[in-house]
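By written order: A, B, C and D. Residues from 1 in each chain.
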Amino acid sequence: MIHRDLLLKMIEEITMVIGANKQYLTDLDQTIGDGDHGINMDRGFRAIKDKVEAVKDKDCGTILKTVAMGLISTVGGASGPLYGTAFMKAGQVVANKMEITAEDAVKILDEAIQGIIARGKAAQGDKTMLDALIPAYDALKAAVEEGEPLTNAMGKAVEAAEGGVAYTKTIAAKKGRANYLGDRSIGHQDPGATSSYLMLKAIYDVLTREA
Amino acid sequence: MIHRDLLLKMIEEITMVIGANKQYLTDLDQTIGDGDHGINMDRGFRAIKDKVEAVKDKDCGTILKTVAMGLISTVGGASGPLYGTAFMKAGQVVANKMEITAEDAVKILDEAIQGIIARGKAAQGDKTMLDALIPAYDALKAAVEEGEPLTNAMGKAVEAAEGGVAYTKTIAAKKGRANYLGDRSIGHQDPGATSSYLMLKAIYDVLTREA
Amino acid sequence: MKKLINNPEFVVEEMLEGVVKAHPKYVRKLEGFNVLVRTNSPVQGKVALVSGGGSGHEPSHGGFVGKGMLDGAVAGAVFTSPTPDQVFEAVKAVNGGAGVLLVVKNYTGDIMNFEMAAEMAAMEDIQVASVVVNDDVAVENSTWTTGRRGIAGTVFVHKIAGAAAEAGKSLEEVKAVAEKVIANVRSMGMSLTPCTVPAAGKPSFELAENEMEMGLGIHGEPGTFRDVIKPADEIVEHLVDKILADIDYNGSEVAVMINGLGGTPLMELYIMNRKVSSMLEEKGIKVYKTLVGNYMTSLEMAGGSVSILKLDDELKELLDATADTPAFVQL
Amino acid sequence: MKKLINNPEFVVEEMLEGVVKAHPKYVRKLEGFNVLVRTNSPVQGKVALVSGGGSGHEPSHGGFVGKGMLDGAVAGAVFTSPTPDQVFEAVKAVNGGAGVLLVVKNYTGDIMNFEMAAEMAAMEDIQVASVVVNDDVAVENSTWTTGRRGIAGTVFVHKIAGAAAEAGKSLEEVKAVAEKVIANVRSMGMSLTPCTVPAAGKPSFELAENEMEMGLGIHGEPGTFRDVIKPADEIVEHLVDKILADIDYNGSEVAVMINGLGGTPLMELYIMNRKVSSMLEEKGIKVYKTLVGNYMTSLEMAGGSVSILKLDDELKELLDATADTPAFVQL
């Protein structure tokens, strides 16, 4: 069970982690993209701080939609609309709720992924953030369905996402800028998959720390 | 006494020496000018080859004027009109002559220098080619007046020119591009003084070799 | 990083201020948004053109805002597609009642952000249409991939569709002519050096003294392959051959653009043009008009691209029409 | 040396071929000479303007040949003043019977070569006058030295004197207005990187990653002093202060040119302009017109210069006149 206050902590943690990995994500994007992914994500999460603060007493849905709108209007690039859509869809799952259950969490990840696919028209194996998110979703869902506590389940999701990030190194990109490189993108890790993994990991870290 | 054929050898030698020092002169000009002196001079002397060939049976005046016109129409920059004018004036001294006497040589250098001054409005001590040429003239004149053979006299002129080149290192430029550097030009040798020295040296080398 | 800037975070805002100070006759900035529109926007009854994308491509796109070309240009962060709210604001500001055409370059980010803006505009009953420019033949075109990029050929779309809009054509007609340009323009570029995104602080890639990147876009990204530097004529030959292999230019008249990426002197662009024009002459393709200069840049990257647009009478007339913008003026 | 060229020896010739292929409507090349003249030269009864200098400053000067600006441009080797015979040939080709004004930048080489050409023209009874542009305040002005250099401010002379000639003024009048521009324009530049003369094959000087050269001309030469790189605003402050200290601009209207040296992106030039315009505003100097772009370059050098021209009604009118050239078009 994730209470609204814990959700706020998670958003803070994500902001911190993205900030700490700004250069790392940018470096990854310089190799196979245009070298702005860390800059974009960091700008976005820094910009939502005040906006989230203003709705910190509201429900989880409002908080997540606030994050979504903030990202959409500050990140730009490919990741802005995609992560923005993901948070928007997540917010719809928990509209008016003060707490997020394990089942909600599964639903959130599902909806977020569907939103990303609808907006970006990519599929698993295209070397995008989906290659981290879809395995994470599968792992989370299986664990929650088997009755594991959310923290454990989230741990498995993070592991799966990490595997997905590693997998992106082995394939050529079909979507996003890395696609322009053709086979030259093989051997390099996808920045968006990496930021997705970092966000999941941040959530998991808050869960374990606060548990 | 310099016969027309020896004059042709001198022009050839100058062409060779300038070619061999193209990079050196350009490097000097990169330091305090715009880095083209060697390129300019080399272009000019390579261009006169065929033109001089066409008048090789003519008198010394015609040959020198041919060099002058060739330099004027191919060197460009500051050195083109200056050396062009110098050779033009030199040619006027020995118009219709098949030989150049020691006295002619003194007169040639005098006229050349006057031509350079008239055209470029510089004076000794401005850090230009004049700082090599004027001392050379003074030495040549003195030696010839004392009755020394031309080769010896020319040797003294070359020495004086070398001293003049060294002197250019110690002063700030008042004329030419090096002037823009202000005191930053101190410590660096003037490219035009250097090319003047190299030409006098080439003439002297032909004299000693052929003597 | 050697740049004439103050703070990497504010380069776009400071640049736009400088643009507005330089060209008040042509453009004004929407308060609170990184959007330039014609000083006299909205032009009532005229179809409006909005383009944009990441910054760092100057004079694209703000430099082409003015009579006969764009009505609005949206400036994202450097090499980063602008956000939907910014695009939406531009659309609202330029809409003169006859609808707005979005000229989008084919990048995932641009597509999505402009699409979201179009959705917002539709919700406010503003008539919006979009075209997607994808002129870069360096990249394979396929529905399974991101597809070809939009690069310098985009400027021809601005010019020609802009002229159509100025001539009073309907949104549908302006869109159709824009699509005709897109169907008939192909480009390819190369670079000798990387460039440095101010906020990243270091070059986008590394190239040895004797290396170049062939087939690259306008975002500091590496190209489709790396090669040793060749003489300009050989490089041009490769670019033009790729372009001519993509659509049939046989016997046609064309417009040529030799576009500098920002750090390459005009001298070299003209040396490229010499070869382009002689190749086209040899193949019996007639050059109707040539543009040489920095139209769609990639910050200070050294390199260039060649664009060739196949013309018909309609395109020729629109290409020749008067234009008056900060970066493109034509009598 | 990373350049899009074929052979360092032929860069000027190949460039000129590329220019002529790109702009046949504007310029033609004199057979056997590195001279561009208007396609319709000589324009009968009009005073003709000829400028030129070393190459590597593109679009100067060939890019300004056309209606309302120059009649002829003479291209020397890179950074090397053209020879008198070339200038003379230009003079002969453009002379429409009303005389020819030579616009010369103040460099020893240019002065002497143009002077010799003027002597040749005089021998053939062509009426020739000369003006010498010396706008660079980085250099001390003194009759005992070479004096101030001519840099980007020269483009204002082309524009304004060109408009006067187009308006049918006499040689004397055109010369007078050119001299008025020269008396009222001041410039200063700086660079972040050196440039490489193709035939030299290596950079003109070396700068550390954190260094810049202040007060430099347009021939790849070092400046008057070296400094650590400062924020753009501080750099601009220095340049503008030096300019404003040189002549009294108080309460006047001015034209501003932010000129790129070739390798600096437009983004940075606009960031410079932001500061220039705010400084002038503060001092009560009104900006009447601003030009931002690569007008007088130094190959691929990164950096820029600021030029400020004090205007009166006559200069304003001529500055606003129509111009139609490859690199400067004004409606």
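Assume contacts are C-beta pairs under 8 Å (C-beta built on N, C-alpha and C of every residue); 3 or more make two chains touch, one makes a residue touch a chain.
The chain lineup, named per UniProt: A, B, C, D = phosphoenolpyruvate--glycerone phosphotransferase.
Treat the numbers as computed from the prediction; the structure is a model and nothing was measured.
**Student:** Treat touching chains as neighbours and tell me the shortest step distance from subunit A to subunit D.
**Tutor:** Minimum number of steps from subunit A to subunit D: 2.
**Student:** So how far apart, in whole Å, are subunit B and subunit C when each is placed at the average of its C-alpha atoms?
**Tutor:** 54
**Student:** As a quick test, compute the distance in whole Å between the mean CA positions of subunit C and subunit D.
**Tutor:** Roughly 28 Å, centre to centre.
**Student:** Rounded to a whole Å, what is the gap between the Cα centroids of subunit B and subunit D?
**Tutor:** 32
**Student:** Can you give the whole-Å distance between the Cα centres of subunit A and subunit B?
**Tutor:** Result: the chain centres lie 75 Å from each other.
**Student:** Going by the touch rule stated at the top, which chains touch which?
**Tutor:** Chain pairs that touch: A-C, B-D, C-D.
**Student:** With touch defined as at the start, can you tell me which subunit C residues reach subunit A in the complex?
**Tutor:** 54, 76-86, 107-109, 112-113, 116, 138-140, 144-146, 149, 197, 199-200, 202, 204-205, 217, 219-222, 224-225
**Student:** Quick check on the complex: what are the subunit D residues that touch subunit C?
**Tutor:** Subunit D residues touching subunit C: 2-7, 11, 14-19, 21-23, 55-56, 58-59, 63, 192-193, 209, 212, 229, 231-233, 235, 256, 258, 262-274, 277-278, 287, 290-294, 297, 299-300, 302-304, 322, 324, 326-327, 329-331.
**Student:** Of all residues in subunit B, which touch subunit D in the complex?
**Tutor:** 26, 30-31, 33-36, 39-40, 43, 72-82, 119-120, 174-177, 179-182, 184
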